[in-house]
Amino acid sequence: MIVYKSTDWVEALRHLRASDIIRLLLKRVLWVGLYAAVVTGLVVKYDKLNLAVDKEFFSFLGIMLSLLLAFRTNTAYDRFYEGRRLWGQLVNNCRNLAVLLHARLPANDHANRTYLARLLSNFPIALDGHLRQGVRFEKLEEADAGFVERLQQVQHVPSRLSALLQEAFERLLREEVLLPNHLITLQRHHEALLDVAGACERIKATPIPFSYSYFIKGFVTVFILTMPFNLLDTYEWLTVPITMLGAYALLGVEMIGDEIEDPFGKDSNDLPLTQISNRIRANVHEILGVELHEDVRTLADVPYSVVF
Amino acid sequence: MIVYKSTDWVEALRHLRASDIIRLLLKRVLWVGLYAAVVTGLVVKYDKLNLAVDKEFFSFLGIMLSLLLAFRTNTAYDRFYEGRRLWGQLVNNCRNLAVLLHARLPANDHANRTYLARLLSNFPIALDGHLRQGVRFEKLEEADAGFVERLQQVQHVPSRLSALLQEAFERLLREEVLLPNHLITLQRHHEALLDVAGACERIKATPIPFSYSYFIKGFVTVFILTMPFNLLDTYEWLTVPITMLGAYALLGVEMIGDEIEDPFGKDSNDLPLTQISNRIRANVHEILGVELHEDVRTLADVPYSVVF
Amino acid sequence: MIVYKSTDWVEALRHLRASDIIRLLLKRVLWVGLYAAVVTGLVVKYDKLNLAVDKEFFSFLGIMLSLLLAFRTNTAYDRFYEGRRLWGQLVNNCRNLAVLLHARLPANDHANRTYLARLLSNFPIALDGHLRQGVRFEKLEEADAGFVERLQQVQHVPSRLSALLQEAFERLLREEVLLPNHLITLQRHHEALLDVAGACERIKATPIPFSYSYFIKGFVTVFILTMPFNLLDTYEWLTVPITMLGAYALLGVEMIGDEIEDPFGKDSNDLPLTQISNRIRANVHEILGVELHEDVRTLADVPYSVVF
Amino acid sequence: MIVYKSTDWVEALRHLRASDIIRLLLKRVLWVGLYAAVVTGLVVKYDKLNLAVDKEFFSFLGIMLSLLLAFRTNTAYDRFYEGRRLWGQLVNNCRNLAVLLHARLPANDHANRTYLARLLSNFPIALDGHLRQGVRFEKLEEADAGFVERLQQVQHVPSRLSALLQEAFERLLREEVLLPNHLITLQRHHEALLDVAGACERIKATPIPFSYSYFIKGFVTVFILTMPFNLLDTYEWLTVPITMLGAYALLGVEMIGDEIEDPFGKDSNDLPLTQISNRIRANVHEILGVELHEDVRTLADVPYSVVF
Amino acid sequence: MIVYKSTDWVEALRHLRASDIIRLLLKRVLWVGLYAAVVTGLVVKYDKLNLAVDKEFFSFLGIMLSLLLAFRTNTAYDRFYEGRRLWGQLVNNCRNLAVLLHARLPANDHANRTYLARLLSNFPIALDGHLRQGVRFEKLEEADAGFVERLQQVQHVPSRLSALLQEAFERLLREEVLLPNHLITLQRHHEALLDVAGACERIKATPIPFSYSYFIKGFVTVFILTMPFNLLDTYEWLTVPITMLGAYALLGVEMIGDEIEDPFGKDSNDLPLTQISNRIRANVHEILGVELHEDVRTLADVPYSVVF
């Protein structure tokens, strides 16, 4: 994810190269420019500059299209931000779980503290992989002997991690470390793990309904194709840059919407899942008072703008 | 549901044939074209091209109509997405219920594990049918002997499944497998089953208020009928394609809204309820450690774009 | 409530007569037509057709008014849909209460089952009346001897029903049918009864702030009164139908908003509270295994489009 | 708060005098009229009617301003309605608390019933004063001897009332009237008291960010000042009423937004906090079976449109 | 944060100097004026005033840009207000925690009351620093000997404070001051502390996606640069002030959005975190009946408009 000081306009330009979608947009705008140039050339050659154009009608269609694109933008952004909010909840609930367990576990119970800190830290790391290219097992903490190996047999890794955590609670209850009421206080945070996982899967699996997407793409395409004909009588060769400006605006909104609505990729606009996972790991270990290797701990401070 | 890589515009076109609503839209646009051709022909024949037209006023009406259609689009999409979110909650709560039960049931209690896995898996399958053409009893798992047969006597199948689950909890409480506090932790997820069912019934049974729907349909119809008269003085025979473009935009937004707002059909924009149900079944069985027949398990991996 | 297949435009027209608000709208549009005819007649007679008109400014005012009406539409619809969602929650919570009680009550405890089924069924029926013209006591179930008579002494009937239910829970707790933890699981659904009642009272008692309502009504009135003067120079006698079209659009949005925002009437756009109440009664009796008289049970299947 | 039958346009006019903000608006519109008259007079005198005006650009600025005002309107209304919803929650939670306490307290425990009914009734009355001009102690019920006097020593009265209620719960627990589980069921409603109080304080203390408010006020001012110059070439002396119409629209939206966003005043658009408090008092006493003096009880039926 | 009586337009102007962003805006508007003057000068000099301009197209682009800026404004304001709402929740939950603890702790248990009041008061003070320039340890209360010193060793101070509070609950449970059920009632408020902290971190760390920000900045820049060319043919030298008005509108919305979306700075639009923290401290001490030094207590009454 690109992080930037939003009030600095010059710095914003410097990040330009990092954004794939902006570059693809500029490429498409160039193609539209070429098209506009061909149209203009033909019209000029055959001397038909006095096309009758109803600019009011064209403008009405444009405003209607703008409203549709505003709708598109809102839905895409809502998904982006819902994704961010979900990972924020993951942070909160992992911290709260760690706080509850820390306060209840005896201060010198290193075995349980270490097991729980590692188990909890694995959840966001596994979810990160699960939402992207597949769980990266080599990144997980070995909570106990053979832990990662057993996990590799499983279809849905986040569910299994959640189940292992719940098994640990039941075991601590039998060992009378936890009281029955702790099941209830822990539950509010424990259930959030799978809720976040399921909601992220939903965002990933459900793009905007196909009909809307197709309909808007079709509308944008036709609108851009007719644009030069509406501008030619006024601007002649200036039609080319002005069509490009219009195409920049319309294609830009549409394309950014397409990209933003799945925030779980590795593009420059996507969420810094790996950094958030590392930060959770560092927090959980600190709260539970478990040592974490210096190399791993410092990963929590990698800025969000680094993609890895 | 059609799933597509939204940044690929060419692939989007390929799905065109699969969308009933887009085809119906194109048919209606053709009818509008015919109407515009007749109007144009008559006007040209009687040589009345110099109609006085107040294009500003027409444009103002068009923008007002666009705002209404934006409202329509938002309400329709909200229902679509609320439906999707509800089924996402169903996934989360079934998994969380399975996790809680798994951690508490003795590892070797196959009878209860199997019964609960099947019972829980039946809920989304029954709800899927309940929201569409009626429960398809042959798709349900036989949780115990005569299970499906007894269920066929019932008016509201999801309520009964929820009640059977609650009965199982009370039985496990009497058998001291569960503690009283487990009633509270299980409850948070158990109640979600009927909440989701009721909310889906609400979405299905409550279209946008009739007055709005009628009002917008009336407005769109009148607006399209007057469109050729506003364009004739500028475009003559070009009026026909341009009217069709305008009709495409207006009818399209209205019709897609109508279709999207009930997401529980079997159209290409509707939600993949069957796949989600199968996925829940596979997850729940895996979490509870209950074998699932290979044929059934693989149904969970059928892509969302297959309708069945 | 009118229920319709929203993709069928012809059927939509057939329901026209059922909608009071649409008929009132058409009547007002006729009055505007008369006004426009008088204005046009006077202007034509005194030969002042060349009024100077700044159509851009008029169009800007119209767009601003459209944005206000979009705001009006959104707030009105939000209330309508919040009302619907609240009654959906009533359905869910009554079912969930019934499920919890059913699983805990001994299967043969007919007395308690009957009492609770009737008590619970009475809540939505009483709330329906409370929100409309007053509780219709003859529609309530006699939960025990003198039940309805005692209820008639009460100022706020829904509160009393909720209190009777809570008394029943405390009694069952003393009789050791319920465990203390059941108080907690039942509570989540029991509290929803009065929450829904209070929220419906709020929707009913709080229209959009008077200033907005007055301001928009004033703006619409002035705008429609000036409309003929803006159209006369272009359209002469065509001004009359075109003014009527504009008035249809503006008045329509405003009037439908006024009507929709209180969804607890008996108009064709209002919510089918009676049917929902009957459906809850049938569900609750089925879940608790209590017989319901055939005549009463079938009321649950009356389609939403019947008003009673 | 003015309550009105929103479909009756004539009645709406009758309330006009009651609304301070509408009167202030009309006064400001008159000043704008005076300004427009001076501008018109000067321009006519010096014979400069042929000002060049780019009406498209002016119209674009106007639409942009309209969008900003739509944003302003939405945020203001959201606060108004959030305030209303919060007081609705207060109603619900007071009723639910009363229901829970009623069902648990012995029917003949008049002392506790009276104390709790009065204590609970005092909360909304104190909050009403706290949000307006300060707590009106003479309006509070004397829950026990010296109650009100002790309360007058306190800085934050709602917190103290909430604490007294919680103390009562702990006392009833020690007296074994309540079970430990009742702490949990009561808590869900008890916590809502301070949540509502805090949220109302937030709405009161946080207007829309100063930058937006200033920015919009500046934009509206400049836009209205330039308006006559844009209209003069078309309308000459008609510029004056038309400028006033434009100013009515722009100032009206801005000023109503300013007024609505703090709903805790005593203006005609503000919330009927006093009536809601009286209604809660009547409900709570009825539920707990405590007598309430006839004079006080009937206050609950004072219509919302009376300000006191 | 600037607090103002929003209906007073003159007072609003007086605050102008306090707002950095408004001053920066005015500076940029002056630069645009300079640019417009240069363009106008060159065009006048070379006598090319009759530029062909398609004002409709320019106006359509402007409206589309306005819709994007409306989207920008909404997202920025949502973050501002979410930040405010989160700190409001902090107030509510600290008060509710204090109420629960007060009612349970023996009235004369000064040691625990003092420790808990100070610990709780430290949370918002630490979070304030954590969100801005780093925790200001000298502002914290010494809850017990060496308290602040130990805290300085910690990476994530809010987590540690939350953990200390939870440890205190477990200790009070062991000392039988609290019952097990109190863990559940306290938990609802205790968990909110870290939830608020995490959500504030999220708002701070996640600006609007870079693509949108860049895209809108680019669009605004190009639009303003072309503005003089669209106005020159009508206005000649008046182009300069009119371009500045347009730039004021467009830049203003964009820049205020940038500034508002991170509400945790020390600018005049930012949230009064320090005052809210002081107010929580005063409330918590009063509820728990713990003395607070007069100097510290009066900090709670510093008006929000003082920045410190």
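Going in written order, the chains are labelled A, B, C, D and E, and every chain counts its residues from 1.
Note that contacts are C-beta pairs under 8 Å (C-beta built on N, C-alpha and C of every residue); 3 or more make two chains touch, one makes a residue touch a chain.
Listed by chain with UniProt protein names: A, B, C, D, E = Bestrophin.
Fair warning: this is a prediction, and the values are worked out from it, not measured in the lab.
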item	value
Shared chain contacts [chain B (Bestrophin) and chain C (Bestrophin), defined touch]	none
Distance between chain centroids, defined by C-alpha means - chain A (Bestrophin), chain C (Bestrophin) (Å)	38
Whole-Å separation of chain centres (CA-atom averages), chain D (Bestrophin) against chain E (Bestrophin)	24
Junction residues of chain A (Bestrophin), two or more chains touched	56, 59, 63, 67, 70, 180-181, 184, 259
Chain order around the ring, beginning at chain A (Bestrophin) and proceeding next to chain E (Bestrophin)	A, E, D, C, B
Residue ranges of chain B (Bestrophin) in contact with chain A (Bestrophin) within the complex	1-4, 6-7, 9, 12-13, 15-16, 19, 21-22, 55-56, 58-59, 62-63, 66-67, 69-70, 73-74, 77, 80-81, 84-85, 88-89, 91-92, 95-96, 98-100, 102-104, 179-182, 184-185, 188-189, 230-231, 234-235, 242, 245-246, 248-250, 252-253, 256, 259-260, 268-269, 282-283, 286-287, 304
Complex interface listing, chain E (Bestrophin) residues touching chain A (Bestrophin)	52-54, 56-57, 59-61, 63-65, 67-68, 70-71, 75, 154-156, 159-160, 162-163, 166-167, 169-170, 180-181, 183-184, 187, 191, 194-195, 197-199, 201-202, 205-215, 217-219, 221-222, 226, 255, 258-259, 261-262
